[in-house]
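Presented below is the structure to which this report refers.
Per-chain numbering from 1; labels A, B, C and D assigned in written order.
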Amino acid sequence: MSESSTVFPLLTVTAALPAAGAILTAAVPAARRTAAKWLALLVSLGTLVLAAFVVVRFEPDGARYQLTESHAWIEDFGVRYELGVDGIGVALIALTALLIPFIVLAGWHDADPLETRSRRWRPTQGFFALILMVEAMVILSFAATDVFLFYILFEAMLIPMYFLIGGFGDRAHTGSDENAAAQRSYAAVKFLLYNLVGGLIMLAAVIGLYVVAGNFSLTEIAEARASGSLEMATDTERLLFLGFFFAFAVKAPLWPLHTWLPNAMGEATAPVAVLITAVVDKVGTFAMLRFCLQLFPEASKWATPVIIALALISIVYGALLAVGQRDIKRLVAYASISHFGFIVMGIFAMTSQGQSGATLYMVNHGISTAALMLVAGFLITRRGSRLIADYGGVQKVAPVLAGTFLVGGLATLSLPGLAPFVSEFLVLVGTFARYPVAGIIATTGIVLAALYTLVLYQRTMTGPVKEEVRAMPDLKARELVVVAPLIALLLVLGVYPKPLTEIVDPAVRHTMSDVQQKDPRPEVEAAK
Amino acid sequence: MENLIALLVAAPLLGAAVLLCGGRRLDRAGHRLGTLLAAASFVIGAVLFFDMLGRGAEERALHQHLFSWVPVESFRADIAFQLDQLSMTFVLLITGVGTLIHVYSIGYMEHDERRRRFFGYLNLFLAAMLLLVLADNYLLLYFGWEGVGLASYLLIGFWQHKPSAATAAKKAFLVNRVGDMGLSIAIMLMFTTFGTFAFGPVLAAAGETGEGMLTAIGLMLLLAACGKSAQVPLQSWLGDAMEGPTPVSALIHAATMVTAGVYLITRSGAIFNAAPDAQLAVVVVGAVTLLFGAIVGCAKDDIKKALAGSTMSQIGYMILAAGLGPIGYAFAIMHLVTHGFFKAGLFLGAGSVMHGMNDEVDMRKYGGLRKYMPVTFVTFGLGYLAIIGFPGLSGFWSKDKIIEAAFAKGGTEGWILGAVTLLGAGITAYYMTRVMIMTFFGEKRWQPAPDADAVPSAEPAAEDHAGRMPHPHESPKSMTVPMILLAFGSVFAGGLFSLNSAFVHWLEPVTAFEHGHPPIGAAAVTASTVVVLLIGVGIAYAQYGRKPVPVVAPRGSLLTRAARRDLLQDDFNHVVLVRGGEHLTRSLVYMDHTLVDGVVNGTAASVGGLSGRLRKLQNGFARSYAVSMFGGTAVLIAATLLMRGV
Amino acid sequence: MSASAAVAVHSLWTTAAEPAADRIGAPAIEYAQLAPTLIVVGAAVVGVLLEAFVPRRARYHAQVFLTVVALAAAFAAVVALAAGGHATTKAGIVAMGAIAVDGPALFLQGTILLTSMVAVFTFAERRLDPAHHGHRVDSFAAEAAAVPGSDQEKAAVKAGFTTTEVFPLVLFAVGGMLVFPAANDLLTLFIALEVFSLPLYLLCAVARRKRLMSQEAAVKYFLLGAFSSAFLLFGVALMYGFAGSVSYARIADVVDGSVADITPALAGTMGNDVLLLIGFAMVLMGLLFKVGAVPFHMWTPDVYQGAPTPVTGFMAAATKVAAFGAMLRLLYVVLPGLRWDWRPVMWGVAIVTMLAGAIVAITQTDIKRLLAYSSIAHAGFILAGVIAATPDGVSSVLFYLGAYSFVTVGAFAVVTLVRDAGGEATHLSQWAGLGRRSPLVAAVFAVFLLAFAGIPLTSGFSGKFAVFKAAAEGGAGTLVVIGVLSSAIAAFFYIRVIVLMFFSEPKPEGPTVAVPSPLTMTTIAVGVAVTLALGVAPQYFLDLAGQAGVFVR
Amino acid sequence: MNPVNYLYLASLLFTIGAAGVLIRRNAIVVFMCVELMLNACNLALVAFSRMHGNLDGQIIAFFTMVVAAAEVVVGLAIIVSLFRSRHSASVDDASLMKL
């Protein structure tokens, strides 16, 4: 990447704004809780505007990486502060910036202190500050084109997430407070350790990469690999690949490294759960696409069969376990595991449809899960229980809530007309083109998805009205503001995803050429 | 002119959007708006129809390309419509019958506080169904395909407060999903084979690939059709779908949606023509379902379920016809249309009866109603005659042609199929006569209606007049008028279509047509048909007309009992799929906790244990520390020396 | 060798008929280059005099002032030397070959001086304990000689005595530490070792609270320390026997074989190298003992726990720096020729140290012991860098030492703040819910813990990355993997503490967080600042360490 | 008589000293054993010095004595204070801190 950076460091600013916002929010005095909330909301909206600029400034058919910035950082480690986005990065940055305001708004009251414990104790400020901090790190990691820089963010974002999970649990817990606190910190520690171990193994690989390549610039290394000027011994490449992939597979999460997700999403508040699955986990799948494939094309191809198999297992396994859940949030978590299986499968199918599909899937899954999970959160806060069995007949007392919940569910089972359908079908087609059997097995996922979604809806929303929910109020204005845009977005992207695909496709074309793969030509043409 | 096509879909879609998002303030006008938009869509359809007639047979097809939906490299799915004769037929049927049923529902749903939403769903259904038949590529068709599935889900479960309804809705959606798997796999196969899945290119290029591939595609499409059209083995949902309000049963589960499978197969004719094995499969499915539905229909005492069985069996006819290839397509569609008329009419009639009978559905508690609701009786009667194929009425023309075609298949196949279709006709006559007699003839067997939940499909009003003695009365105009109109259809449509086989020629450019010649001349076939149906009627009359009908159903033969339970198909599903599934998931949940999680926690625990043991070494005694130092040094020295090999 | 070399072995009954050796001239001492050490030691001596002549009331202030000024001056001297190019171009051997003034030496001296300075601030802290009889008290016994709980002690407390001797002791220790990594012959090495060890033994014994534990710690540390230095000395003897000299350069030459000097008699009885190897092993053992490497680590937890916390902090930081410095010099200057002998051994030690440290730490219940074990684990990581045996290895170790020492001092400084009636509340259970009580202190401590755990954006990560990178480039990939795994294990218990502080409900009778004087605040602030600075922008310090990466010989 | 024997003697004394440290309980005795080890070192140094015919070894020996003396001062101070507060000089009694 050339020393010449863009006139205005748009990406840095986009990431810096929430970071600064986080510090400010944290600094708000204890008494002025509401001010902190509004500050956080404004900052996140500002970030959204900046992200919009990024999208506008990005030319789909321009250079591969745009809005690049490059500054010296740590020469001794061959590390530079290098930013740049391709279509995939742009899409995901947009998604992140888009979701955070809703997360903030949805979590408006989640961190209100139950009783003022100490003058210095400011949970609310901390909650929103952490969310913004996460946003900053995620955005930066989507833009990082320096492996080391990415690694640092990849690891560092664990800490705020960890405090979000462990510090601000779902108040609708079962059993005693102590018990809930114990479960919560268990979930938080589990989350951190899983990802830390993944990260540390990646660290070894990162160091190995440095020893082999001598620097960390993604672009330089990729070029060197492509031009053949940088040779890697097969085994070395494979080991390094595995090191990277392991970390991303934990984050994604891929079977059998998934078990931290249900705990984390179950114990965290709904907005944080959305933050985990819709935003942070995307870094893992994104990194597979960005780093695994570009840095280690050969090894990627070598590992593909196994990874596809794991992805398949995740798809079916996740769906089946979702069917078996009693806890709404855990159900959504397992559904997400199944969906991440689709994403990984799409990435490693090594077809344009698969990879564009996977990228779209990341975005759409973000939105749909956000819609479903946030509504579920509203539902749970109303009734104070996460158990499906505690609900019934809600649609009679709160039709709007039920309706939005249903739409979210339909999106999760990827009904045509809603965004996820497009991506899921692309992934399926893309996979099928290369691995027909895998493609067919994966389609069973759509039946299972329908099963767990509809069962959830039936058990909670339909049937005779339960006593406890009789007095349940319908969605409030704030909540509608959160849900309505998401649903609108799902509909729009479901019918007109073209803008998104146009941004993503060129990037995918590049990735495909990185791994020297071409789409299999259709039989009939091939015959001609 | 082609720009109107989009409006066909847009009108009801708008209705759905407004009604569903509009909120309570629309409650008063909602139903009118919905009906209006449905009618509008019908008018547009009519306009397009006459415009189409104005053009020569070959350039009748219209195209409208709205925008590109999912463009990814070679994968191109567009939002584009294709209106040819086949689609046009469906458009008219859907919008026409749809509008009538909207009107009917105004009266029928009067007392339901959620009527606005009901009309919203109906409009949504119309939009989706029109999308399905107008799509110019399989993916867009899939869009409509699942759209109608959603609408049907919402409408079957419209009375969500009833667990039975909610369950039925879920079941319908799930079973359909299984079918959808087939459709999506078929699309993938097309994409990998032809590089596209637009009707034009695919059907044009169908010849260029191997028969094996085409058979695969065909079978997948058939699976899809089975799901949507309630064909064996995916038929189980249709009976439960009767939980929905009767207009829904009439529109979706009789006239239109359930026939989508027939549309799909006819539309993909080119593929099936080149894949005989697939065709055979289609025929077999059709034949089996035909009998299956008929048998079930004979045993049901719930009037709607009886009709549902008959629907299944009639669609079996269509599928079978479609499976016969060019000799059958036209008749399949023709029967589809006529069936649309009389089955819708029958259902509306049934609805009207229930309306008058406190939503009682058990025919054993009817009887002698002809005096109390004459209009219903007449219209229902005409529908009855039509469906059993009474010479001259719609059903006769279409069904007879199918039977002919079946024989015309030739060879042993031909004979078997012919026999089956004939037998089917007989059974149809039997169970329809049974329904007719139990409902409108004989002495009255009314009883106080039990409360809602006991009756599998009590309608919402049931609560308020539970326990009161029913006083049958004719339904309001808004309900009778549609019935009358449909009755006209069921009487004359068939005849009209068959005037110098207008319908066949109308469809010929799309489906192609070759004249089938049954080994025993057409006249013979017709004759035998009539004979068979007379036999059927006769037996029914002997059983139900001559002696009084017991109010409590007799135990009945093994077959009867099996038939009452949909030939045990649900029990099979329950034991194998539901139970098995539950066990599977439960054990998986357990495994996830113990095995996958256990490994990790186990490792952590073992490290902890190791830590605990190592800790013991730190026993606080300086001298033991010294020992370890001494030992360490010794090892150090030894190691250093060993390195040197000294 | 003198002419007497001809005589194979002198008969013991005849005095060596030496021709009068040429007159011994006055040694040439380069005072400028020795300035840092001289300043500190001089100040120490002055400190002793202060104890003798300054009235008790004024002693504390006088001593603190003297100590801080001395350390600052010494640091200034180091900087001056470095600026004067003594770290690079003008690097050389001074004091008749006894001491080397070169990059590593100056870098380490600078680090030691800075760490000691911030550590001394915690020594001087007198606001944490409530005042006794109107006298502010620090964390040292009123009268170390008095029997705990005796009337004599009560009297001493009443009189407001304080053990201001700690300051000169610290200065002496620092003086020794300054020489230790610069020592250029085995004798200097040994003396320096003793010079900084003996004061530490004493410092361990003078805690104000928990005096029995303090004394016990002192005894253990002393006996084992003496034990180990005996080993070291014997090793020195053997190496002297091998090379006939104790100067590093000379020994190195002999090891390289550039000097053919084999005493025939010895050759007859045993292979020279055996002397060398055994000697090396024993010297190495002495150093490994100081850095607390397994299996010579067992004193660490007990001493760290028993010693007064400020002393622990000082000891943990400065001693490690000095000892690793000496080890680097020994291995890189004296025994590069022996690399193929010592690397495998060190591999073993490093692996065992990393794993044992991390694993045993998991089940600790006392914060000070926990930190002790963590320091053991870190010793293992640093050893990985030492093993690299490349200039990169040196600079990475230097960097790591710098980063680590500040984190350590800071962490122990925080430990001094959390107190209950019985003094410092070091049991982990008492730390529950600290984050709720005083979020700031908890947050600061969390930062230190994360640095220990090597989370990115903290100095711990930069350091860890540096040493692992060096190790990997030095061909010790396996070591890196093991290091990574053990730091994964280590992460667990750092996180456990964080969980305890933030996610568990505070106990009603839990400890309070004392509000310290600016002194401790400075210590902690500096610790945090350095931790974050080295985490976010380590480049400058990496450059420093990089330039300082070459030993003079 | 071969001076190498002095080396053997030295190592012997050293080992005895080390053994004493490991075996004896009384802190004072342990300490004396350490001194013995130091003296063993001295012996070795002197012997080597003699062999090599240079004085370094002997110089070191002198330094060692000084150091040993210093150690005695510090050591006894600590041990005595321990003894006074516990009324026992046994090393094993001083085991409050463990695990």
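We take it that a residue touches a chain if its C-beta (ideal position, glycine included) is under 8 Å from a C-beta of that chain, and two chains touch if they have at least 3 such contacts.
Treat the numbers as computed from the prediction; the structure is a model and nothing was measured.
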Using only protein Cα atoms, the chain sitting most centrally is A
CA centroid of subunit C to CA centroid of subunit D, Å: 23
Subunit A and subunit B, separation of their C-alpha mean positions in angstrom: 37
Distance from the mean Cα position of subunit C to that of subunit A, given in whole angstrom: 46
Whole-Å gap separating subunit B and subunit C, where each centre is the average of the chain's CA atoms: 81
Where in subunit A do residues touch at least two different other chains? none
Set of subunit C residues in contact with two or more other chains: 219-220, 223, 227, 231, 301-302, 492
In subunit D, residues with contacts to at least two other chains: 18, 21, 30, 91, 94-98
Pairwise touch list, complete, is A-B, A-C, B-C, B-D, C-D
Could you pull out which subunit D residues touch subunit C in their complex? 1-4, 7, 10, 14, 17-18, 21, 27, 30-31, 34, 37-38, 40-41, 44-45, 47-54, 56-57, 59-60, 63-64, 67, 70-71, 74-75, 77-79, 81-82, 84-86, 91, 94-98
Can you tell me which positions in subunit C touch subunit A when the two form their complex? 436-440, 450, 455-457, 461-462, 465-466, 468-469, 472-473, 477, 480-481, 484-485, 487-488, 491-492, 495-496, 499, 502-505, 537-539, 542-543, 546
Per the touch rule, the subunit C residues reaching subunit D in their complex are 1-2, 4-5, 7, 9-10, 12, 16, 144-145, 147-148, 186-187, 190-191, 194, 198, 201-202, 205, 211-213, 215-220, 222-223, 226-227, 230-231, 233-234, 236-238, 240-241, 244-246, 263, 265-266, 269-270, 301-302, 305-306, 369
Touching residues on subunit A, where the partner in the complex is subunit C: 72-77, 117-118, 120-122, 151-153, 155-156, 158-159, 162-163, 166-167, 178, 181, 184-185, 188-189, 192-193, 196-197, 200-201, 203-204, 207-208, 210-211
If we count contacts the way the header does, which residues on subunit B are in touch with subunit C in the complex? 604, 607-608, 610-612, 614-615, 617-618, 620, 622, 624-626, 628-629, 631-633, 635-637, 639-641, 643-644, 646
